[in-house]
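Below is one structure. I have some questions about it.
Just so it is clear, A, B, C and D label the chains in written order, and each chain counts residues from 1 on its own.
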Amino acid sequence: MLRIGLLGAGRIGRVHAQAIISHPQSQLCALSDANSEAAESLAAEHDATVRSSEEIIADPSIDAVLIATPTDTHSDLIEAATRAGKAVLCEKPVDLDLERAIACKSIADATGQPVMVGFNRRFDPSFSALKSAADRDEIGAAEMLSITSFDPAPPPVSYVQVSGGLFRDMMIHDFDMANFLMGQLPQHISAVGTSIIDPEIGRAGDVDTAVVTMSYADGKIAVIKNSRRSVYGYDQRIELLGSGGLLQAHNILENSVVKSTVDGVVGAKPTYFFLERYMPAYRAEWDAFVTAALSGSAMPVTLDDGVAALAMAEAATRSAQSGRPVAMSEVLKPVAK
Amino acid sequence: MLRIGLLGAGRIGRVHAQAIISHPQSQLCALSDANSEAAESLAAEHDATVRSSEEIIADPSIDAVLIATPTDTHSDLIEAATRAGKAVLCEKPVDLDLERAIACKSIADATGQPVMVGFNRRFDPSFSALKSAADRDEIGAAEMLSITSFDPAPPPVSYVQVSGGLFRDMMIHDFDMANFLMGQLPQHISAVGTSIIDPEIGRAGDVDTAVVTMSYADGKIAVIKNSRRSVYGYDQRIELLGSGGLLQAHNILENSVVKSTVDGVVGAKPTYFFLERYMPAYRAEWDAFVTAALSGSAMPVTLDDGVAALAMAEAATRSAQSGRPVAMSEVLKPVAK
Amino acid sequence: MLRIGLLGAGRIGRVHAQAIISHPQSQLCALSDANSEAAESLAAEHDATVRSSEEIIADPSIDAVLIATPTDTHSDLIEAATRAGKAVLCEKPVDLDLERAIACKSIADATGQPVMVGFNRRFDPSFSALKSAADRDEIGAAEMLSITSFDPAPPPVSYVQVSGGLFRDMMIHDFDMANFLMGQLPQHISAVGTSIIDPEIGRAGDVDTAVVTMSYADGKIAVIKNSRRSVYGYDQRIELLGSGGLLQAHNILENSVVKSTVDGVVGAKPTYFFLERYMPAYRAEWDAFVTAALSGSAMPVTLDDGVAALAMAEAATRSAQSGRPVAMSEVLKPVAK
Amino acid sequence: MLRIGLLGAGRIGRVHAQAIISHPQSQLCALSDANSEAAESLAAEHDATVRSSEEIIADPSIDAVLIATPTDTHSDLIEAATRAGKAVLCEKPVDLDLERAIACKSIADATGQPVMVGFNRRFDPSFSALKSAADRDEIGAAEMLSITSFDPAPPPVSYVQVSGGLFRDMMIHDFDMANFLMGQLPQHISAVGTSIIDPEIGRAGDVDTAVVTMSYADGKIAVIKNSRRSVYGYDQRIELLGSGGLLQAHNILENSVVKSTVDGVVGAKPTYFFLERYMPAYRAEWDAFVTAALSGSAMPVTLDDGVAALAMAEAATRSAQSGRPVAMSEVLKPVAK
């Protein structure tokens, strides 16, 4: 049994709380949140105690912490928790600043404690089935990857302003998915972005629609398409073309009903909310973390993965701003192991 | 090259004319129709001559006739044409009266001339692909067949009154499809019919919605569902469950466009018109006839098939009227070879 | 908060236990099972106490019991529990014997206690979405209902022998679904059954493949197709044709991945196991029960529904044996309120 | 009636011959081909006469010529035919050399004769339905276009060497489709290409897999993905994301049969051969040409369209070689009207 401290009781914290209490080998012991009302309410639901993050990290009876706090606290909490001997599952991204993330990784690595970064989509049943099929060589050698990732509605501009931008905040999931499926980092990243949905987003210095092309040392190509608005639902699809065929992961629909009338044949929309779509992924992610933490085996997603995705977001941001391809070596030089 | 006389220049006659002229081994030489305007107009389009059916049948330079006249002339024309030494392709049904059809078959058989009955759906690319897959044993032994066959809109009541009824006029195609796929006649037929779409159809002594269940000597079961109204298009589907799996032939859609909006995910409807859906089938049917006629090989659909389907329609009609299952032996006794 | 006693800790009992503990307004207090090992193991997982069914029913601190014991105990337990003032959710069927079920209903009704019968499929998200669309008149007036319900693999013959037969054991779900969607009982039921999958099932007096046609007083028709073997997964589909269109509920697939190779375009199979397919339905069913029990509103599925489905199974059984349609009035005379 | 001279009797010439003879308002009078055997054989099938291209162009009884000869003769023949007062339908591309194409356009324009360029995909029923839906504002303002266009198998390297390269030979169709759907030319084109399928193609100076990103003055983005090898068939899909939804044109499948077994749910592959997929498009293209030529209305695809697509291919080629985005103004300066 893994005794868990949950740092953060906001929307995503509640999702994780549900996964923690449903898992037969984990127990939600304590939780913290800057908003004490949110903390008390969540604690009451699950018979957990409310404490400060510092207290939780300092408590030797807590085996692992799950960090679901605002992004700008992630690095500090990862460092503190690993130094205190905890296993850590931290929500993405590690940090908005690449150098800070790299520094955090060095410190956490030095403690020897296991840290997993919460790229939950790797655990989506359809995406992981696609990955397994590719690993079983069902479509031969991969040649071209294409990721479609659209949000149903743009966030408020106030969020956009502190988000780090579309590439670090939203496309970072897709960068990690590319790394997961391609098994390597790209050599060059070329980004085109536009604020066609909402000019306010453009005035805030960000884009709301973007296409990123990535080329790899072995000749492969990947494309990621992001939009902040797909009014028909959460659009999350992947295509991998290989020498022997094509793998596609289609959307998950709200239900299986189809209506045929004089107006056409109408099926259900993709699930609208990311939690609905990815709830099985959050559960499987937590199971993977618990299993690795209890068995001592390697974490399936590491701080290295977190840093890599962040570096790609950095490169894409620079490319979109400069209008030229950016080599990964330009942004990942600091890592230089 | 097969020199063809076309008897009937109505809607279905025009369809056949197109198939005849498009085929590299057949030539449309002459055509007839009670409506001389229709005959002249079609003849002008295709450089054919207008003559009476009798003249065409008597002309030794004509190799084959295609009978697309009203149903009540089919038997007479089949007999006359085969006696005159022609190969014949006759539209379904052979006759509305089972005994008359059986008598026609005897006479035609005696001439030794090849006769094909126009059950065009056997040549539909999807249905014939389903049949081929079943023949290749891709789903093991067949156990349950299910045919869905809905017309987009009911015919006028005036047509219903002379049609012979839904079972002889509409479901006869599905009876033949069952024979094609099951490779045997059923033992018992049980029908339920209703005039729920239009009470006028009921007052005319017919039904507009019906379900027929058929059981076979070897334990198999088949179900046919007919409706005179599927407002979303022509609904033509088949399912065959076997010991090793399921084969389905889905509808053919008007195009491949799908629109996703807040109102749902909307695809194209099934093709609305039977000619649009079955035009490839009419072409393939004609090719099969020409090939058999020129090579002297057996016709792929015979008068036996025409009689069998008619006998099943007769049994279904009796079952719907009496409310009890009807044995095929009750209606096919006269055949008694 | 509803305090629950769970009677039965077998496979389906465990499913319900999960729903009980996950619901914020219900609490699993006690459970019983003839197999004490099963009871102890389930109780340990969920901090419940093991007691006899009698003790649980007699305990005034228990608000409601969930009956998930063998079928032949259902009627007795419903009677005892309602007499003891409990709300009851009982797994289907109420009984294998129609008269016994009717008697049980009389006794339970007399207590005034709410009883819900566990026809979980009414709560399946896709089926209930189909029902809602029909209720919103999205396809006009219903005309023909078609239910496809295939199990992936037949049960052992030893189970078949005590099951009450396919109509009472398996198709009873589909009878209830027909009642749910049509909002009325049929007038006549006509059944064809065969033991084509396994002759041993036939020797045990049962069928493994069956088609039932039902006709309604207002001219509607319904068809139910059952097979004990669809090797590709659990095949659960519904089609409802109306004057204005068609509603279909398709299968739920294991995932959304599609693979295209030279061998074809391969998608995932339907979920294989009924628990995987219907887990959301079990959760929604439990929520409906808890809500009704706490609010005092009417149960969404009643003992009347349980009796009706059983009567239809009785009629279908007689029809399959006699080879003639059976009027519902023949089997439901005893009810005669 | 339009009297037609067909220049070129190769594979694509035969396709056009079929469209010409099937159209009620066009007549195939004469045809030419450098390969006299091919010419004679096609002429015999359709009762046409074999003559030289020069003779056909000089014959005043010929109303229009269809140019289906090798690419390097297109410009010369367009010029000669328009100077001789013919209407012209010319296969794509106008030329491999952008300046030559522009010069040809000037000369043809000066004659006032109507010239249509054979971008047949604009007439594909699904793509034109997608365009119509967008024009009817069914998904609001377009924001991101994505074109997937994969050939089932790469051509021989000998063909690649004279093809002008993937961008001019293959992607030119997709450039035209982007122009058709977006209604404007892009500002910048950024291309990534690789010869991952066959290194011989790379040694021949070409790529076999490429992704092109295009950005527009009004903030829109388009992406084109090309591969020379999709072993599962001809993969031709389009997606257009708008402010109010998404339009997708899916592949056309060989048939509608789906097989479900323990190995999965297998549907038909996309049609393999481009002629099978695009035959309806060739027919509709020809109908559009005949209609415009006879009525004197504007040609639906013009030499301007041919030049624009070629210029985009030129820009993409330069971008793939240089690794930087290329502005359309760099390649289209010569046009400068």
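The definition used in the following text is that a contact is a pair of C-beta atoms (placed from the backbone, for glycine too) under 8 Å apart; a residue touches a chain by one contact, two chains touch by 3 or more.
Everything numeric in this text was worked out from a predicted model, so none of it was measured.
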{"item": "Distance-maximising chain from chain C - centres being C-alpha averages", "value": "D"}
{"item": "Between C-D and B-C, the pair joined by more C-beta contacts", "value": "B-C"}
{"item": "Chain B-chain C separation of Cα centroids, rounded to whole Å", "value": "41"}
{"item": "Gap in Å, rounded to a whole number, between the CA centres of chain D and chain C", "value": "58"}
{"item": "Residues of chain D touching at least two other chains", "value": "230-232, 235, 244-246, 260-262, 268"}
{"item": "Residues of chain D that touch chain B when the two form their complex", "value": "22, 24, 45, 125-126, 129-130, 133, 138-139, 244-252, 254-262, 268"}
{"item": "Residues of chain A defined as touching chain D within the complex", "value": "143-144, 146, 148, 150, 188, 190, 192, 194-197, 209-211, 213, 215, 218-221, 223, 225, 227, 229-232, 235, 241, 243-246, 323-325"}
{"item": "Residues on chain B engaged by chain A in the complex (per definition of touch)", "value": "230-233, 235, 253, 260-270"}
